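Please go over the structures that come below.
Two complexes follow with chain A in common, the first pairing it with chain B and the second with chain C.
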Partner chain A sequence: MDNIILEVKDLRLGFPNKEVLEGVSFTVREGEVFSLVGESGEGKTLLCLSLTQLLPKEAYVWGEVNFYEEAQKINLLALREEEIRRFRGSRISYIFQESLASLNPFLRVGYQIEEVLLFHKGLSKREAYLKTLELLEGVGFREPQRVYLSFPHQISGGEAQRVMIAMALASEPKLLICDEPTSNLDLTVQMQILKLLKDKKQKLGFSILFITHDLTLVEKFSQRVAIIHQGEIIEEGETKEIFDNPQAQYTQKLLASSFRL
Partner chain B sequence: MNPQILIKIENLSKTFKIRKGIRTFFTKALREISFSLERDKILGIAGESGSGKSTLAKILAGLIPPSEGRVVYQENLLEKGKIQLIFQNPYTSLNPRMRVGEAIREVLYYQGVSNLDLETHRLFSLMELPSYLRKRFPSQLSGGQRQRVAIARALASYPSVLILDEPTSNLDVIVSRKIVDTLMRLKEKFEMAYLFISHDLGLLSYITEDLLVIYRGRIVEEGSTQELLSSPLHPYTQLLISSAKRDFSSIPEREEPSQRGCIFKSRCVFKKDICKEEPPLFLKDRRKIACWLYQN
Partner chain C sequence: MVKRLLRNKWAVLGLGIILFMSFLALFAPYIAKYEPTSINIEEALLSPSPKHLLGTDSLGRDLFSRIVYGARISLSVGFLAVGIAVIIGLILGSIAGFFGGWVDELIMRFVDIMLCFPSFFLILSLVAIVSKPSIYLIMIIIGLTSWMGPARLIRAEILSLKEENFILALKILGIPIIRIICRHLIPNAISPVLVNATLGVAAAILVESSLSFLGLGVQPPTPSWGNILMEAKSTLGVAWWITLFPGLCILLTVLGFNLLGEAIREELK
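Let's look at the complex of A and B:
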């Protein structure tokens, strides 16, 4: 449980005219859910993207992002494009808020999942097809065939998010980065998706870096949490401790402001 | 009509016609909704997307007509601007080419206010907006400031009813809390009634006195907010509350809503034979529940 899988060290990023993160450090341990909380515009999404060099060219990134694999330390920021591809979408997978926007509208859903298997796992076409159906069934579709053949516009938002989870898990990642995965969905659908993530995590043993602004969710879903404010992490620790006894003034304000049942 | 009642809705239904190619469909957005909004009250409406909450807001404001049933207004509500609507995205309700101060002056002008500058200034300070923002365009304001401007403009016509349709769902936690607190303060000052529409049960529990829970266009439960949230009776309300509390022990089912009989039937854990029939609203302890479990 205490093995570190990802270590972000003094990460600074920004654009020529604007500094976004001013030195952020945190670690994600094996098998845990680590939440990053912050208001909009704090650079949470940029942080996620920077981990696998997905930022636009004009952005600058300094610092270290260490990914640990079999006791080896790999600095992701120092890798060349061909090398980072072995991690991006493979050992490190993403799920974004706009799941429908992450799917190619011209391609059938099934094909897009197959692509991951063909590229990262090197399966044959036939194997990939069967594995895709299995994955779709694994994320709770009763008729995987129908979803396989659907185009993105033919499925609902909740279904699209399930497809994204199937796609993210296709490469058997060690770390799943979820950027507000449920904020566009209905409350009851959100719970279905979160439950699915939770079950999958338990079964497959990956870690989750979870980005959200929903404090109730953080409290129930993650073991540890970091709060970002004005480009810095102002508080980090066990979720329960922070929620029971917040130290930073901003955290106190945030907790006092949220409407919770 | 009872002078305490501002708006009364009786058996309201709304059907939309949807054309897909050559075929025409009808969807019932609202079915047999009845309730009344009382003076000085804050009534909350909770529902997920597709429940018909925004349609209801538009019908109450008179923007679209109901298909069946009627809406009765207290006489003085029929004057211009007495019912105001605040939407989730103030960007779409403010003219992008008009300075926000101008947008408010315009309303005041048609209200026949003589000292426009003074009154605009007063509304800005009421909404805790610095006065220099008057010269800005909506795009130059932050989300929270824009929503405050939208509220200030609504207040410019001294409304008796404010219909708020997810007014803070686009905003950050702290900003949203501040706006809600301002709204509460203004309610006292202006003696308004609020109809607060939201999917956020935490927010509704904080401000509303009475609550309607709607699902797929039907009222499933109605009662005082505190009682309803502390001991929900309808299975859907129970599911909604445990979801809002992020309680992972209650596994939400994923089924399509039923077409016939009780709309919640296919997702319900207490399903019985009688659920094939549509349940009326049963009365229990001052609460109304559309569920056969509470038949007696």
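Let's look at the complex of A and C:
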């Protein structure tokens, strides 16, 4: 359980006129949920994008992002475009906040999941179709057929998030990056989605890098946590320890201001 | 959308004209009683009658047969020229829109340059370079001088679409850029191009007729609406039918495509 899967070392990124992250380091271990907590505008999303070289052109990024696979160390930031593309969506997958907007409005939902399977797994059309239905069933849809044939405007936000999870898991990733996956959803749906992610993680054994500003979710969901403030990680450790005994002043403030269950 | 289009009477009229002309063109050998090129001097310049529905021309060729075969030329020139224009436009427009920067700048300035030429004169000079223009060459030349509209439209659509979240999501899922453009961007951007293409068919038919009228298009004896008109010039005083009917055909077909195009544009709003 203690094998490291992702190691971020002294990552600096920003734009020519503004530094966003000033040297961030953390590690994600195999099979755990690691949370990054910070307010909006701290560059959490940029951090996620930078891991697979998806920052906007004008942004810069320095440091190391090491991905461990079969005892091999791969520096993701040093890879060329065609090499990094084999990581995107296959070994490293993403789920976002705006799940509905992340689906192509003109294509049936099923086709979009199939596309990942066709591209990353090299399945045949028929196999991809069956696998898609299986995936949809796996994320809790009772009528996978209906969802398969739906257009994005015909499903709800919660359903769209399930579809995104199915899509992200289609390629059996080693690391799933969840960027505020539940922010736009009702509380009950939030819990369902988190439970689904937890179940899937147990079954498939991937790690989760969980990005959020919601401390209640962190407490329930993750083993370790890091707090980002003003471009640096100010505290990092076991979730329980940090919640019981926060060291940094900012963390104390953050905890005091959040509603604890 | 198709349903709503069918409720629009102008769209139905336009579509009806197009289908009628396409029907004539497709089944020309069965509809026409005479060979369009068979000369019969004894029957020259006959006015419309049951034997020759639309009369005959100065060489005694059956005008109805010639018009029916002419529909083949006019429609195929229209469709293929626009097909070529749309394909070039799609490729260049989507490259310019998606990649931006100097690529965009280069392609769009080239578009501007092409737009500077009055297109009909450009076509005329291109046709003049090749001494004997074949019908395929005319299609290609019309296509090569009318792709700028589709290119601009597709570029504008893609510029706004590529900022959408789902495009970023696709990149993040590792889908290759070519596939993103072909399967996700172009289908979402195609509708204004569709309108443009429908109107473009009408324009291409007109250009072909004009070229043929000037003797630079389809070469006799192959009939096209334009060159029937040209040959009718000399007999205009005695045989009104030879100019009237091909003229009407051009008018109706162009009208049909324009009506349909406008209706689709209204529907897309």
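Note that in this section the second predicted complex is superposed on the first by the 260 of 261 C-alpha atoms of A that agree within 3 Å, B and C clash if a C-alpha of one lies under 4 Å from a C-alpha of the other, contacts with A are read in each partner's own complex, and residues count from 1 in each chain.
The rule is simple: a contact is a pair of C-beta atoms (placed from the backbone, for glycine too) under 8 Å apart; a residue touches a chain by one contact, two chains touch by 3 or more.
In this text the structure is predicted, and so the values were computed from the model without any measurement.
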Could you say whether A:Glu238 touches chain B, chain C, both of them, or neither, answering first, second, both or neither? neither
When the two structures are overlaid on chain A, which partner does A:Glu69 contact: first (chain B), second (chain C), both, or neither? neither
With both complexes superposed on chain A, which partner does A:Gln190 reach: first (chain B), second (chain C), both or neither? first
Partner chain(s) touched by A:Leu254 [first = chain B, second = chain C, both, neither]: first
Contacts of A:Ser102 with chain B and chain C, given as first, second, both or neither: second
Classify the contacts of A:His213 with the two partner chains as first (chain B alone), second (chain C alone), both, or neither. first
Contacts for A:Asp10 in the overlay, against chain B (first) and chain C (second): which applies, first, second, both or neither? neither
In the overlay, answer first, second, both or neither for which of chain B and chain C A:Glu134 touches. neither
Examine A:Lys198 and indicate which partner it touches, taking first as chain B and second as chain C; both and neither are also allowed. first
Contact residues common to both interfaces of chain A (with chain B and with chain C): none
For the complex, which residues does chain C have touching chain A? 164-166, 168-176, 179, 183-184, 187-188
Counting only contacts in the complex, chain A reaches chain C at residues 49, 52, 54, 85-90, 93-94, 96, 98, 101-107, 115-116, 119-120, 167-168
Touching chain A in the complex, chain B uses residues 48-49, 172-174, 176-178, 180, 199-203, 205-206, 229, 239-241, 243-248, 251-252, 254
Taking the complex as given, what residues does chain A use to touch chain B? 39-40, 140, 158, 186-192, 194-195, 198, 213, 215-217, 219-221, 253-254, 257-261
